[in-house]
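Following are the structures in question.
Each of the two complexes below includes chain A, the first together with chain B, the second together with chain C.
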Partner chain A sequence: MSDELKSIPSLSPAHAAWWREALRNPVFTAAAAFGLVLVLGLIFSGDGAFYKWGTHRDALRQASVYGILACGMTVVIISAGIDLSVGSVLALVAVSFSILSIHWGWSPWVAIPACLAVGTACGAVTGGIIARFAIQPFIVTLSMMVFARGMAKYVSGGMKVSTAVQGADGTYSYVDVPEIFRLIDSRLLGENLSVVSLIFLACVVISWIGLSRLRWGRYIYAIGGNEAAARLSGVPVGAMKVAAYGLAGLFAAVAGICQAAQEQQGDPEAGIAYELSAIAIVVIGGTNLMGGRGGIGLTLLGTLIIGYIEKILSINAVPEANRLMLTGVIIVAAVLIQRRRV
Partner chain B sequence: MATASVQARPEQQQAENHPLLRMTGISKSFGAIRALKQVDFDLRAGEVHVLAGENGAGKSTLIKILGGVHQPDEGRIHLRGRLLRFHSPREAVAQGVAIIHQELSLVPAMSIADNIFLGHEHTTGGWLRHQDQRQQAGRALKRLGLTADVRQTVGTFPIATQQLIEIAKALALEAEIIVMDEPTSALREPEVERLFACIHDLKVRDCGIIYITHKLEEVYHIADRITVLRDGDHIITARVAELPAAALIRSMVGRDLPESARDATVPAPSGRQVRLAAQGFSVQASRRGLRPLVEGVSLEVRAGEIVGLAGLAGSGNSDLLSALFGVHRGRVAGRAWIDGRPYRPTSPRAAIRRGIALVTNDRQRTGLVLGMNIAANMTLASVARVSPAGWLDFAHEMQLAERVAGDLDLRAASLTQPVATLSGGNQQKVVLGKWLNAQPRVLLLDEPTRGVDVGAKQEIYQLMNRWSRAGHAILLITSELPELLMMSDRIIVMHRGKVVAEFDRAQATQERILHAAMGGAAASSE
Partner chain C sequence: MKARTRTIISMSGLFALCLTVGCERTPHEKVFTIGMSQCNLGEPWRVQMNADVKNAADKHPNIKVIFKDAQNDTLKQRAHIEEFVSAGVGLIIISPKEAAPLTEPVAKAVDAGIPVIVLDRRVLGDKYTCFIGADNKLIGREAGKWIVKKLGGQGKVVELKGLMTSTPGQDRHTGFRAGIEGSQIEVIFEADMKWLEPDARKEMESALARFDEIDLVYAHNDPGAHGAYLAAKAAGRETDIMFVGIDALPHEGVMYVKQGILDATLQYPTGGAEAIDIALKILNGEEVPKEITLGSRIFTTENVEAGGELIGS
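This part shows the complex of A and B:
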């Protein structure tokens, strides 16, 4: 094999060096992986479905909620942590948002900030406990995962919060879907771009600014790279951790609002195992689980990779069982490929 | 085995005259550093052989070779007259070599018996023979005069008892050679007595003991023979009676004094303003039952002054620096002042705000974020300067980093390359550059020249001169005595957490400092 490669005249030493360098660049490998997925889509096009714009719009829309969670997860993972609670926080917010908007008829100007505050508070509490008591993030966020799920069930009484409202006499009456739900679930630019996708892209931009342009992001990378050295350089480690988990909670709340709008209800069972999808997206993008390395651009590519794989499998009518097994294999393969770097 | 012994009869007779252990011509290099050069060492049954030398003399390397951790580049090891080669710690243990490290290697959550047999469990077909193990563990404890239930977890015992359990482990493995690396560094007086009684008992049982210590008192209390290493060379092996303290110290120091790199034009600091002062400064150990790391230290550093803080491992000088920097929050007692204003070391962040910088003694673990680039590391302690209102100003950051890199003659292709790709000396320059950018007035330097090449050392000395010309106060720790003598205006010596001596530049000699650092009496009044 290697002899054959050498005999190809175009692969001069300079070219080889360029390729080695490129393969070491995580953005290049993630982009290459995404390209590969697109090629697979062109080949297994599901009887031409892949050539229709609607398929691509839906791929992005369906991946958007996961992508929003993955943005927060990226920040937490770069700080050498992990957040298992985002799926449960999503459910708690989806339920709360539905109750406030559908049942209580609150204006979205009040309901949305309130819901975002709930999510941020959940994250800030976990971050505070992690920083103050030096407990592993895995344990603390696992606790919040269970707690927020319980809270979602408590708030909703264990039932889906939908437009069917139970009256005093026990009969159900139906109220209209609030305007804000329709707005979030709608499409712009002549049906070409979902609002949810736009929200996802906004989260990407916000995270990118935070991580790459703000002092805050510099601190997050430093903490993830070497917490002891960061502390000894005067980095306020505790406050930064509260902020990192708080941001993850905020994005979980955003995802929860989107989820509620898309389903037109608040389901206390929503978002189960979403945290694992978010982690998978971050890892496939190429952000190192050890912390200190990676970035939001990688997570954007990771979201697209996962979203498109799902879409290609579904337009080819691959059964869900096979899809899950295949996704598991792909995640491990992606991580193995990336391990060769550094 | 039986047939071999018939043939080897004359040899075996000879073996009885052999020492328990003979290491000959041992050499070992790590990269360019020659840690051991043709070192000879032997140990007889029933003796305590003290291994002495300054930090970095090669003691640990020799012990690690004996324990199978390192392989020697050259040289031979004879055990009871037989030539052996240990490829792993496990092989050394199997040959009866037990090493008791400074940091105990017991599993706190496991019982005494399980700890003693960890890795050498008595089993029948994979099943543990608990009863058997407990009996043997109990016997080993009894030999040490310890009456503890072997089923109790190790973590519940005080550290002194744990040390004895570690020795019991050596006994249960029927070790004949027991190496103790500064076993008393964390112990208090009564516990030290108990350990010595135990060592005496081991001698009677014909074990050979290699004992590493930094305390003169201990050397003359328990040693039969002493071997001194210096910079990887074997200097002398002598019976304790033939090597009085003064001669011992002389053989340990003897490193050449380099030409002074201290800037003589710095105005004499006496009479200048006191920049940093501490009074009755103490630091408790992180675990209960251990002696304090630092006890009642008072000191003053004036503007433009470099004060050397001498002390061997376990003296607490390094802990004092990190405590002043706010690392040991909650375990610190005593008062401190900066420029006459009270200062409480509550966190590194607060310390930096008061103009203090700490260069730690381990740049990879506590100095640098290795995955980040040079420029980002150089501004890590002063990010606020390059990010007004929270937004990073990359041009300004690069400007600061470039200026410092030029100042320190940093050799790097680009300031955006990761620090991990730099050599040791250049990495250290990045650490110093970080603190240059933070504009401190009090500098706590813990081994600032460790592991850097000669050229980089000179540049670091020049930087210290510049700082002191600018009127900054410097507290310097270095385990190289010549360097300490060369750079310090005044030297404070610590031993077991306390200040035991203080010398002017004119009075200080390597012998005096080492004598005091090893706890030699009346060193300061000489």
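This part shows the complex of A and C:
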């Protein structure tokens, strides 16, 4: 038996060692999982739709909002926290951005920074409460999730903020979709890449620089690995947490702006359960939920995995019930492939 | 410890703020009080229903409506009915979340001598005063018939379905299929977009990637049709395809038709105004029918400025 095995070239000692090494590398396993998903797409191509670039461009566009949320979520999870509020903050920013841009006609140069400030403030407040009062992030961000959803409904009056503007006498008049909405929902490079996908990539790069190239990132890993040890080593744990949740809030605001632009309206019900998708993306990528381990490259791959699974199921017009079951199975399979071999 | 107390105080302060923000009441000459329990205000259509009730009630200075929102929680809605009974309101309007668990509270209110108008969704049995609702099957069928006429009896159609585990989704689907029966209309792609615009856009992108020829999109609600339009527009194919939605809220579907985004939308009436009419009759001691089925209107590019056209019935 063992002779037989040795005769297979790929299992020669040198190759076996290479494979063991590769399987220990989380980026390799995440890429392998994504490769498997792509193979699924090549087989179940939806009458050849999978072979058209347009399908891939749309898959990237659809995954972008989740991916942007997942960037912030990655930082928070590496710090051994969790942020359940991102979906609600997305909705709050989407309605705020729509009100400022559509109804009040503010210039994007003012409206966008204002909206980013709203999101960052939400995140910083939760981070501040978590750090100052040492409460479980789950509870604090759950409170912010409920609060921000309420704010979104309050600000919008419970209605979608669209291009129908209600006058003082109760009648509706219609305004054009603001230029900034069209710009964010447009495409570049000869219609081949959506602007929101570029925004997502920018968020990935920003997070990567923060986590891998700045001292701030090393502090986040240190806090997630062992908070007490980090504190004793002089890491400003409180400030770092405010920054981590603030960044998650900032990205939630970016996602909210993208969401509003793509829907051409601000929906106070937008983003429900998006936080779960973002967490799933981070975990599928291979970032450890216990904190201290993982990275933004993994989250990029996780976004692609989830985005392509959704797209493949959609082009094949798989019925909803089967989609949910298949998604569950595929997520577990992806995580199993990812499991760290020690 | 002190820090924790402070947190608790500040959090409860925030909650109290949330609670007070929603409540605003206009003083009225107090004659009849009507309790209105809405199953949730998350959907714009239900916001519209409350607005219709309020607008109709505002015309009558002798009635006052108390609105409650059950936030999609059956037990909360049950509590609303019990609260209205113990407060001794003159009449209850309920748009129930689901039938079975709310049947008994409604029956108890009737037993206590309070008339109950049930709006949109039903309760079981016959222990209520009046049911007012629209017919989704009829609306779906009328949509199908209009589409057959518009496409000249043949064409390729994409159907974007509402949540198929919900009755409106099922009825708008079966009604539509009955409406196109016998024609050469072919449904080439169907998907469940769960009433959500972003999902409708995703599914439509898939349909566009698969099929080079699509004549019309039938979506079970207007946001779905709008999402499909945005997908087609991004692909530069919006002028080749017609879009039909359902609900026809004034600032949503009807506006889309006016803006040339949708080719037609069929109204799913809220019955809010009718509920107040019936309530006044009941309070004046008049006889009312046990069941009222609301008519629907279709708004098309041609008739939208004239206020749509009555269909069905």
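Basically, the second predicted complex is superposed on the first by the 328 of 342 C-alpha atoms of A that agree within 3 Å, B and C clash if a C-alpha of one lies under 4 Å from a C-alpha of the other, contacts with A are read in each partner's own complex, and residues count from 1 in each chain.
Keep this in mind: a contact is a pair of C-beta atoms (placed from the backbone, for glycine too) under 8 Å apart; a residue touches a chain by one contact, two chains touch by 3 or more.
The structure presented is a predicted model; accordingly, all values stated were derived computationally and were not measured.
When both complexes are superposed on chain A, chain B and chain C sit side by side without a clash.
After the superposition on chain A, the angle chain B-chain A-chain C between C-alpha centres rounds to 120°, nearest 10. In the superposed pair of complexes, A:292 makes contact with chain B only, with no contact to chain C. Touch criterion met: A:233 reaches chain B, while chain C stays clear of it. When the two complexes are overlaid on their common chain A, residue A:185 makes contact with chain C while staying clear of chain B.
By the touch criterion defined above, A:310 reaches chain C but does not reach chain B. In the superposed model, C is the one of chain B and chain C that contacts more residues of chain A. Of the two partner chains placed by the overlay, neither chain B nor chain C lies in contact with A:249.
In the superposition on chain A, contact of A:108 is made with neither chain B nor chain C. Within the superposed three-chain model, A:222 lies in touch with chain B and out of touch with chain C [touch as defined at top]. Of the two partner chains, chain B is the only one touched by A:214; chain C is not. Of the two partner chains placed around the shared chain by superposition, chain C is the only one that A:143 touches, whereas chain B remains out of contact. The superposed three-chain arrangement places the nearest Cα atoms of chain B and chain C 11 Å from each other. With the contact threshold set out at the top, not one residue of chain A is in contact with chain B in one structure and with chain C in the other. Across the complex, chain C is touched by residues 46-47, 49, 52, 54-55, 58, 62, 129, 132-133, 135, 143, 147, 150, 153-154, 158-160, 162-164, 166, 172, 174, 185, 187, 259, 262-264, 267, 269-270, 310-311, 314-315, 317, 319-320 of chain A. Put simply, chain A touches chain B in their complex at residues 213-219, 221-222, 225-226, 228-236, 292-293. By the touch rule above, chain B contacts chain A in their complex via residues 325, 327, 348-349, 351-353, 358, 360, 365-372, 376, 380-381, 383-384, 387, 390-392, 434, 438. Residues 3-4, 7, 11, 14, 18, 21-22, 41-44, 47, 164, 189-192, 194, 197-198, 201-203, 205-206, 208-210, 226-227, 230, 234-235, 250-252, 255, 258-259 of chain C touch chain A in their complex.
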